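In structure tokens below, several structures.
Two complexes follow with subunit A in common, the first pairing it with subunit B and the second with subunit C.
Right after this comes the complex of A and B.
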């Protein structure tokens, strides 16, 4: 699997990210770095703890990261989440959270699959 | 440059890492993961950082709080802040700007744009910083100047007084000694060191009022009569009035305030028996009391035309005895204490060695009124960043090609229009080797441009060159005027180039009328996209808003000549004069952008020059209640914004030459087809359009040579121009075809008949055998030039068939006639 098909799989825009960052190696580096990014975990935790402020910040950060990496699909749901949290004080959005979680899983899975194929092919 | 350090403040580790990755080749980096950490770092080592990339939403402490902290501790003076924002935070961006952020970068990051913004910000901030220093110097300079001015003024008085030339400096020195002694003896007057120095300096002006006292009184050797003394006494009030006449700005100067006290009251006495106001005791400002004593003491110890010099001891005794009026006892005490000090210092007082030279230089300074110009510079500081933003804004919507090249990042940036014209992206990496550039510019040109830029020097930063681009089937030549930018810190380090491309020519393979027409279509600056159509109320509001951005905003109506403003209800109120009179022109501008936008329903921009000023003019098609107008916005460009000093003249010449080359026929110097297509054809009003065809030009060319043909054309245009008024147009539409557009349709038939017979009568200087003949067809009516032209062209062919008669129809006559013709 190459980078482009990885992006296809996670619902991102590879041409757009390469157009901005110019180097494939840079895109790859930050793609892997995304696996360590804690903003999604923070979002989940904040929902569990009922901490609205933290949840907003986490969603906002996640959205920003997705924007920078052109993860279009996850960007869309995390953006929606950010806007939802920006407005009110409630955390009652199980469908939104499920959507973000699904998109996050899909993104991480795609990156992991790409990582594996990279390791296998040297 | 590697020594410049950037602080990245963002709560997302990913974002920090990405920015660091993008910038680490050029700069040193440090990261902070929230506002609190950033403030902690800044509180200890703010000076290390040239720039901060600052996220807005962060835990613990937001980007705004960091900005507020930086404002409070004046850290923004040396460290620029670029905000990192997501697309959703327009309000935040506005707030950031208000709080002193310099720029913002929005996610997602484009690596080249980030590098470019950062490097530009550093450049501009350094410039502002230099400017700030300049202002400080200016203030210092002003203080020096005021001191010098005081000295000059007082010496003028002294010169007239015929005094020793030392009196002023003596009084100044004695005043200073007395004041210093005074603060030691008592704290009654709470004088600071700077006040003492101020009063001493101002003391020199105590007698400036004597300027208006007649010479014969001032220099009278004997005693003054009562009348003469009464006149003499006026000098105190007159001197004060002189200072009172200064501008209110100048009167706020502490020095001027003190001088006023001294002038007016240095003849008051402690017992209330002095003049002009008879003030008593400490009603008299301490400044005036001290100077009064110093004045008297020095007068006694100096030789005057009416008296010898007394010794120090004698003088002190006379003063103590009250022979010169009553003084403040504390001051007398001071005088007694410093007595011997005065004696010593009097011998050592310095005078201007080179007085006349100093006088001249100060007078020059006064004349050029630099003395009180500090505030102006301050204002300039404030507007600089505004100017910068405005220029960025203008360049984005400009229809000129503007570019900047950053040596450090090897990035070429084009404004939106430029990129479109050249078929490039707005950012081009490594232009010299970039394949997209090499596709449209030949390698030799690239080399020669590089060579030209390399030859530029910091003292001669301007570079001009011609460059041709092959775009599609066209070869477009531009003249480029640009400026290399040099580092202020490292000698000889070139930071980049900024410049503008001015189109000077287009070549097209098949130069026929049809193709030319197509070409002009392609080359139109903007496609006629959706344009603005508003009602009166909206127009009024929109124009009001624009007036805050631009220096002048006005409308030009569809005749392209009437200009004016809307009133409160949004109704167009035309002025009496033509719009080109605004630009001090007698004729319509060659490069009339109002006509251009009215014909293409788009936007256009240009530079206009008046005297030494450069204006950026932007015109935009606008319909108000369905009526077409050209909304014209004018911004005066600060010289610093785009042009260097001295460079302007060449720009003016280039632009004029460019307009001429572009819109005048090179042979006959009347307007060319391009002018017709771009500006003239859309003009819509009641008018006459006449087509004139030179019947035998081809014959002349073939039989007598092109030289003779050219001469014949010149003869024709010369005759045409005799019958044309300032408001009319002559266009050489094709090789042997001319179009005339008449504003005034009276007597048109007679005029055209005269033109025809004049041309017929004309015999060539070169070839007496040549006789010219023309066919003339005209149409009078209301409509666009272009629609009338197509009818006039048909009429002209009718005239060609009939021969020896100019034919003119009114549009309605023609329609009846041609309709009837078809029926037959």
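Right after this comes the complex of A and C.
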């Protein structure tokens, strides 16, 4: 599995990210970095704690990261979440949260699969 | 009509009040004059009375002292000469006579009890006129003078004192001395001609003692009665009665009477001491009246002169006022007319406009309806939409004109000066008018002469508007197949070396304008005379706006026009030069051939080419060009590039190119110069072997960029890429809470060779900045959403720090939010710019260069 198919799997735009970062190694490096990024966890926790402000910031950061890495799918749901949270003070959006969570899982799964295939092929 | 009436009323009022004032002032002056005259006459009479009183007083005093002196002399004489001292009467008489003589008595006599007089001294005997009162006074030892006569009948004054001297028949009761009356008159200085007044001395019964006026009448009363005229009888009687009463009572008396000759005379009477006499002084007013008359005359004259002067002044003021009023009325009338004309022009304009607006509106509405019914026919709808777009554009133009005009009229039109390329402006305009010119099958020439400064400071939109207006007017008012040309020449500006003068000329051979119309050319809401130009559309504001813009730019516009021969507009504008960018426009020293039938264009093109290093030759016809090319080829010294005009006489550009290709093959690049849109003939041209096109006008840069691509040596380096490395070593503080984002940013920015430092949130960013040395960081890239302190707060905090670079350091926002309010908020808190995520390294580099290198 190469980077391009990984991006296909996670619903991202590989050409765009390569256009910006120029090198495949860089894209790969940031891809793996994403696995350690705490934004999504912070978003989940904030929802659990009912901290609206933190939730907004987390969603915003997640969205920013997605933009940087051209994770189009996750960007869309996180952007929706950001806009929802920007507007009001409530956290009553289980469907949105579910969507973000699903997209995040899909993204992380794709990256993990790629990582595994890389390690297998040496 | 109404105004005239009103004006007449005003005039009438003015005239009536003026005449009223005139009469009033004459009346006042007259009354004043008469009153003053009366008063002064009265005053003069009073003065006369006082004068006569004084004179009378003096006279009577003088008389008194004279009489007293005489009496004293008599007393003295009687005291010295006593009867006892003389032995004989003769001796006594001799002594008395002697004494009388040295006391200057004319006579001396003794008077007996029964009134006999015995003369002691003197030429003749003397006798009182009326002895009784004299004797009585003597008996009573009263000092009294009387009038007497001597033997010759001469008047004398007698002074009698009671003293007893022996006489021939007993003792005397008194000694009587006498002097001639004339002496007394002399003493009293009566009857002298040079006196203003004359005096009478009267007895109580009115008879004269002394007749100062020589009336030859014994009685004053009779003399008065005989002198006065019949008419004044009663008044005279009254006067005489009053005088008589005062005479009897010995009181002072004064009156003024009219004498026979009509003159007034003043009379003043007073009793005289030591006698029963009465002094009556008469002052004829002849002299006084003369003086008074003169005075009155003078005053009257003066009064009338003053009155006249006042009247003249009043008249002048009135006249001036009248003229002023008339003038004001005239001005008002003018203003009213102007206002009316303006209103008329505006309503004319409105009705024109409504028509002009309705035409494209109708087209839009109609075409929309047509398109709707044919919605399935794609081509048809497209055609309709095209027409709708055209009408819409036209409408927009109209409305823009009206808006411009209202801006001009309210004085709100300002120029927004920026760096402008004359080349681009001309190209743009040519591009806009080209379709219109083509549609009317007109020929169009553009001449650009000697323009060395292409970049100037000016308002490009307004300059565009001016040129476009002139050109589209030329197109509009030139019939099909006509000729339109535009030329631009650069000359030295009188404003100095930093300026250039650009003279632009737009010329056509259209319908022209009448001299009458030329006069109103720049007025609002006018357009070419409607009789000749009927279907031309437009707001009629174009020229007014053009003129205003040219004026505002400090330029001038001139026009020459002749009916049916065409119009020529000449605009002169001074622009400030912009220093050309620091890169050299040079081409290799090619040998070039320029072919154009316009010699002027050839010359200027050759000159311009020379300035960029190209050796250019030119020729005026295609045939000649082919000849020259073949000659050169034979010499083995080919032209490197050939520029051909598209339109040439007999053999056009495309044909010439074909010919050259046949002779030379494909090697030499041939370019076509054209002011027109070459899309129509591009295929034909390419087939003929034309390599490319260069658009007229031929600016330096047009030629440079047009020819540059045929330079197979080193490519001109992009001036921007030269500066690529200049960001190296700049130290930038990046505030970003997300590690992944930071790493991405770090990775990307490292390409720019900048030194990047990471601040994990706004607070850390602030701390890092405030702990650094001044000028340590060159810029801050700031994420907006961060924990602890967000980007806005951090920026505000940094900006409010007390250090010299706190306000200067560029702070650039980086955020995933690209809402305009966010951007606005960024600028409000003091950030310099905004970069949207995801990070685009080109954009970041551009922004950083802008803020870091421009300083």
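Annotations for the structure displayed:
Simple rule for what comes next: the second predicted complex is superposed on the first by the 122 of 122 C-alpha atoms of A that agree within 3 Å, B and C clash if a C-alpha of one lies under 4 Å from a C-alpha of the other, contacts with A are read in each partner's own complex, and residues count from 1 in each chain.
The rule is simple: contacts are C-beta pairs under 8 Å (C-beta built on N, C-alpha and C of every residue); 3 or more make two chains touch, one makes a residue touch a chain.
Worth saying up front: this structure is predicted, and the values here are computed from it rather than measured.
When the shared chain is aligned, no partner comes close enough to touch A:51: not subunit B, not subunit C. By the document's definition of touching, neither partner reaches A:115: not subunit B, not subunit C.
By the touch criterion stated above, A:33 is placed in contact with subunit B and with subunit C alike. By the touch criterion defined above, A:106 reaches neither subunit B nor subunit C. Once chain A of one complex is fitted onto chain A of the other, the partner contacts of A:72 are absent, as it touches neither subunit B nor subunit C. Subunit A residues 20-21, 26, 29-30, 33-34, 36-37, 39, 54, 57, 60-61, 63-65, 67-70, 82 lie at the interface with subunit B in one structure and with subunit C in the other. In the complex of the two chains, the subunit B residues touching subunit A come out as 11-15, 17-18, 21-22, 57-59, 86-88, 107-112, 429. Residues 20-21, 26, 29-30, 33-34, 36-37, 39, 54, 56-57, 60-61, 63-65, 67-70, 82 of subunit A are the ones that touch subunit C when the two sit in their complex. Subunit C makes touch with subunit A in their complex at residues 737-741, 743-744, 747-748, 783, 785-787, 815-817, 837-841. Residue ranges of subunit A in contact with subunit B, taken from their complex: 17, 19-22, 26, 29-30, 33-34, 36-39, 54, 57, 60-61, 63-65, 67-70, 79, 82-83.
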